[in-house]
Amino acid sequence: MLTVKDFRNALLVALWFVFLTFPIMVIKINPYERTIIWRWHNLVWVGIGSFVLYLISRIYLQRKKARQQRIRQGLETERIDWSQRLMQERRIYMPILVGTALFALAFPLVFSTYQTNIMITALMYVVLGLGLNIVVGVAGLLDLGYVAFYAVGAYSYALLNMHFGLGFWTVLPIGAMLAATFGILLGFPVLRLRGDYLAIVTLGFGEIIRLILENWTEFSQGPSGISNIPRPGFFGLEMSLDTAILYLYYLMIAMVIFTIFVVNRLQNSRIGRAWFALREDEIACQAMGIDKTRTKLTAFALGATWAGMVGVIFAAKTTFVNPASFTFLESAIILCIVVLGGMGSIVGVIIAALVLILLPEYLRAFADYRMLVFGATLVIMMVFRPQGIIANIRRTYTLERKPEPAVDK
Amino acid sequence: MTASKSTKPTMTTSQPILEVTGLTMDFGGIRALDSLDLQVREGEIVALIGPNGAGKTTFFNCLTGIYKPTGGDLLLTPPGQKTRRLNGLKPNKVTQQGLARTFQNIRLFPNMTVLENVMIARHCRTRAKVLGAIFRDRRTREEERQIVELSYSILEKMGLESWVNEFAKNLPYGAQRRLEIARALATEPILLLLDEPAAGMNPQETKELDDLISEIRDDGLSILLIEHDMKLVMSLSDHIFVMDYGKKIAEGNPEEIRTNPDVIKAYLGEDVTDA
Amino acid sequence: MLELKKINTYYGNIQALHDISLSVEEGEIITLIGANGAGKSTTLMSISGIVPPRTGEIIFQGKPIHELPPDKIVALGICQVPEGRHIFPDLTVAENLDMGAFLRRDKQGIKEDLEYIYALFPILAKRRNQPGGNLSGGEQQMLAISRALMARPQLLLLDEPSMGLAPLVTRQIFDIIKKINEEQNTTIFLVEQNANLALKVADRGYVLETGRITMHDDAGALLINEDVKKAYLGI
Amino acid sequence: ADPIKIGVAGAHSGDLASYGLPTVKAAELVAKDVNARGGINGRKVVLLVEDDVCKPEVATNTATKLVSKGVNVVIGHICSGATKAALPIYKASDVIVISPSATDSSLTQSGDYPNFYRTIAPNNAQARTEVDFVVNVLGAKKVAIIHDKGDYGKGFAQDAKNFLEKEGKAKVVLFEGITPGAVDYSAVVQKVKRSGADVVIFGGYHPEASKIVTQMRKKRMKTIFVSDDGVKDDTFIKVAGKYAEGVYATGPADVSSNPITREYREKHVKAYGEEPGAFFDNAVAAALALTNAIEKAGSTDPKAIAKALHTENVETPFGSIRFDENGDAIGVGYVVYKVENGKFVAVK
Amino acid sequence: MDYFIELFFGGLTRGSIYALIALGYTMVYGIIGLINFAHGEIYMIGAFTALIVSTVLSVFGFPLLAIVILTMLAAAIWASAYGYTVEKLAYKPLRNAPRLSPLISAIGMSMFLQNYVLLAQTPDFLPFPALIPDFPFMERYAHIIGSSDLVILLTTAVIMVLLTFLIKFTRIGKAMRATAQDRKMALLVGVNVDHVISMTFIIGSALAAVGGMLIASHIGQINFFIGFIAGIKAFTAAVLGGIGSIPGAVLGSFILGLTESFATGYVSSDYEDVFAFSLLVLILIFRPSGLLGKASIEKV
């Protein structure tokens, strides 16, 4: 299968990486003592590693090519993408759906409080992902400052609770509304910016919010943050930690279901179509009578609403907020969830959120290699599935003589 | 189209529905439109021809709000209604007033299905809001049903019904052109603007397009057409405007234009049989 | 000069060309006609190496070129004026023309050719310092053809040069095509929707239907062929 | 008998790992000793080490994980922010926490966290020491205070400002936060210069401190630079080089002559082949205090342990200590150091 | 007045630093429309390589001048090699992918490289030797502008002129512009697009490395995270100036540097970044394509 040429290339690749990583992998200096440690063994590892990886990638490519060849010769039918199959065949996805639902319900009963706690975090990111998905995936507005709205939600609860003693359930809608308001305030001036200009402005906005929280001590208690935020209450019931986490878990499950329901309906509505169209071609969109600014604002504000709600939940879950939780990296992770999941695809976003949030958590055993692996995973996933885990499928309509739309999703 | 519009217009006595006076458009130093005057009457097919770069597309862009004209007036008078100015309106407002267009370079929504492409065009004639979309109340459901039905019937008429669930980008070129027209029709326009609909079509396909455009007119729409295919222009138009350097250099019926020496010199060339 | 031997071209898994074989002799004008989506542009893209064929061979002046990258193919003297013109929008007209001569190094020759082009299309001379993106459709088409000519190609591939052009200009362009062919002895491979016009200037013609060559004859003969008339000439 | 589970939480990976890892090692060394002695009251000690990367939101997960594994007591967390986020979870499960390094004043002084103890003095004690030094010893009349906007640096700076203003002996002429990681601090430095301050008090860590000192000296400014224990780290001197000369920094009292300190530092070198890192002594103190308290309490009942912590003295690298009603270690304080000839030397 | 001048020069230095990084951002963006988040990491790797090489050289007893020159060369070479490899691994396979996929790949690359250096070297700050000595003739002005500030300013100016020349008048420059505007057509006029894109990454990375070395020597310390913050600021500067435009990147950087300097000097450094980003928002509201970016009305 592998030819001599492949081996020669592998050797060249290995040599290149040996050269490339030489200063950083091999030489370790101690600038204080002015001593140098030469770690030649690293060189060997790099060489062998890149040699093997190259050969593996060759084999993978060859296999893929061979399969295409066979398809062309009619020896093999084309494999439908598994994600498409998953979504289209009721026979497959119904059992999965039921299974997932049962698993989700039983989860905290089967696993430890810690696992449940992690899962709550993951579920929060599911909702954040779905919220940002409206903005980025559906409406095509690249928002790198989504975390700002998350912060607005979290601080709404922290501050309103601290000053006025408002409870979780009161603040949940208030936080959502405040975030939406911020979304609209920001959206007005900047939404006419194109693509990446919008991206950097939203990034800036995210930073501005965080810096204000950090510096305006009188308002937000600055970097030391606000602590002792109460967990969500349940008719004034005293709850132990375990129960509180259990309660929060089911709350998040409900929240996820609610979000999926709303996002799904929105996508398949008049507004959802307008968002998709806007992503495709703004000028044609306007020529079809769609108010660009207003449609974008709606998407922005709705996305922010969700961030606001999750923000409130975040504050309630950690019982402590400080500005350090709302850095650009957070926005980047949420964006990764959306893109990795497959822009505009609800199921994809859910899977991606679970993977991206649970992965580093379970990789914790690898300690230092965790973020290295995380970064590499992002790159590899994108290279092999650039359209995301599950490419979005547009709703199709079946029309009989008497047309009646039927949802195929 | 919808039943209300099926009365066939009388050709000559009808009112102008579009009245353009002194339209001027400058790009930096370039004057792309130079006090252009033009009218379209109800039920007419009016052609706009002229050399490349004469400003025809620019005129469409001014009309539909994509460019803001430097000067002049754009007046629209829907049949039986008051006259309104289109100057400075945003593109979406113009569409709402009853103007719909196609683009010289096709601008479909490539990753949406054919049906959805048309459904989008119903946006400006429907009202469902966020809450309606979430709760999907009776009115929203009814509205959605109507959108689908109407869009489908338009596609049928354009001979695109076999493609409904196909991505727009996967359609053959000719079908994409037709889809663009279908999409424009779905906005319920009173005046349809077509920018070189026959470009890239072979003579056979052009002939089919000819029939299609006449049919649309027979449904009661007025049409303003930019086209370089003289066969199509001559056979379809009731009235022709000829532009050069942003100015009108001639107008008249096809026969007058065909023999107008200015037009021959600037645009047609000596021998018009091939083109 | 150019020979396509049983080429098969794919977009992903969709096959656009099936066993296309054709040949072009030095100094002639051949034309490829066919309906929308027949695969005309794909044929040209395969020759230029942008969408290389998966199987089959393309031989240019005795050398196989189907595995060469596009820039090497251009270097051999095959230039294409693609469908939709593809003007560099932010380069000026002059810079666009300059890009056409990207692979040439003879400063003097480039200068002469530039003069020749400005004489051929005076409007381009007038607009030489304007960004190409602001030109009208017709002006852009002229610029696109001129840009290809700046490479002094031996084989010029033209994809629907008349699309969107005023009748007068269309005729001008066809005159120029003939002129280039005669004066500079440039071989021309013309893809056209306007089959009437194309067959009139061409020596030979091929008919392409859904990715397969279905007919091949002298241009004159095709012009009077009943099937061709019905399907492509709209008569 | 069941082993006693001691959680060790803090930053063990990422950019702050160097603050957290020495604690793990300290805990390991102490646990080894205890187990070699046969454990506490016959029960072996096991360590549950968990990483929180110094992030509050991660710290809550870490804490939950430790609690659900049934820890009896926790050594950690390392950063004040993370500690604040984690404490309510321990509190809800009645777990005693003792930190070697979290210095935020409110952790002990707000009364919110009765289960919290620490073997390092709070920021305001440090600020107190520093302000006294600046005003009384250096005789400063105008003081510029800058900080790195972080929870630690700003907290400290704020405390210093409060003390200065309350006493009114010196004027605070500038109080500003700088952006950590910025490429250049010349504007702030100019501003300090213009303010005419005789002394700069900086709250934050050594990377920023060395940048600022360097830029000040490069601009030929002679303003005295005084900073906190985030700066009292040999790395500071190494990075700032000659510009470090004359800089003052507060830090835990020099305990290198204490036999316990020496003992554990030697053990560290033996076990890991290098000198221990930041907060090692504090962490050893924390581990010793905890194990001692459990032993004295005779059980892992939190109330009993708490009582022992408050009442029973224990020998640590900082001498014989116990904890006051807030949870601060009595007898652990700060002294002022000055960089002289490339070394931190305690100022008498 | 003195104070103003001091702040002004401080701002200029800061601006030059941003500019050296911003140029790479803007070039890559101009050509493949990608916000190359990993660019900041290339800058960091350049600085690390410089530190390693200069230490090794000085341990071996090379004279200062030789150290400076060899270090700069080594930093540029290795940073270019990283830039080249990153493009080949993480972006090239995504040429025809949806627009955001390469962006995520870039974010992943950025995390990977940060942690790679963290693991292979150290998470701690390391002192960086002052490669630029204090020039005696600058002593009189030392309270206003230091020797390394001067060198940074001059380097930026020279690089900008060279780069403008490269883009405007050389073959590779023309090829870059053509590729940036229409990749398919560039192929059809005979441009080797892969080669041009690689070259863009190589040049941008080399610039970043030079920047990394100068800045590290100016500040006197580095760690694995320096690329991130500087990268974000540099990117902001590039957008401010009109992304894709070389002079724009430099102008944007100076404006950003000066704004930050004056904001700190006359208002408060607490809100230094708030000022920077607010300025960005404000400028983009009035000039949606940045200061020198083309205000493109799309022709339809």
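Chains here go by letter, A, B, C, D and E, matching the order in which they are written, and residues are numbered from 1 within each.
Following the convention adopted for this analysis, contacts are C-beta pairs under 8 Å (C-beta built on N, C-alpha and C of every residue); 3 or more make two chains touch, one makes a residue touch a chain.
From a predicted model like this one, the values you see are computed outputs, not experimental measurements.
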For chain D, the least number of touch steps when starting out from chain C: 2
Starting at chain A, fewest touch steps before arriving at chain D: 1
Identifier of the chain whose CA centre is least distant from the whole-structure CA centre: A
Pair of chains joined by the greatest number of C-beta pairs in contact: A-E
Taking each chain's C-alpha mean as its centre, the one farthest from chain C: D
Farthest chain relative to chain E (centres taken as mean CA coordinates): B
Distance between the centres, which are taken as Cα means, of chain C and chain A, whole angstrom: 47
Chain B and chain C, separation of their C-alpha mean positions in angstrom: 31
Computed distance of Cα centres, chain E from chain D, in Å: 37
Chain E residues counted as touching two or more neighbouring chains: 118, 126-127, 270, 273, 300
In chain A, residues with contacts to at least two other chains: 31-32, 215, 283, 368, 371
Multi-partner residues of chain B (each touching 2 or more other chains): 57, 66, 103-105, 107
Sites on chain C touched by chain B in the complex: 33, 35-37, 84, 123, 134-139, 141, 160, 163-171, 193-197, 200, 230-235
Residues of chain E defined as touching chain C within the complex: 171, 174-175, 177-178, 181-182, 184-193, 294, 299
Touching residues on chain D, where the partner in the complex is chain E: 14-18, 149, 176-179, 181-184, 186-188, 190-191, 194, 206-207, 210-211, 214, 218-221, 235, 238-241
Of all residues in chain E, those that touch chain D in their complex: 3, 6-7, 9-11, 13-14, 17-18, 118, 123-127, 142-143, 146, 149, 215, 218-221, 223-226, 228-230, 233, 260-262, 264-265, 268-270, 272-273
Chain A contact footprint on chain D (complex, rising order): 12-14, 17, 51, 55-57, 60-61, 64-65, 67-69, 80-81, 84-85, 87-89, 92-93, 104, 106, 112, 149-151, 154-155, 158, 177, 238
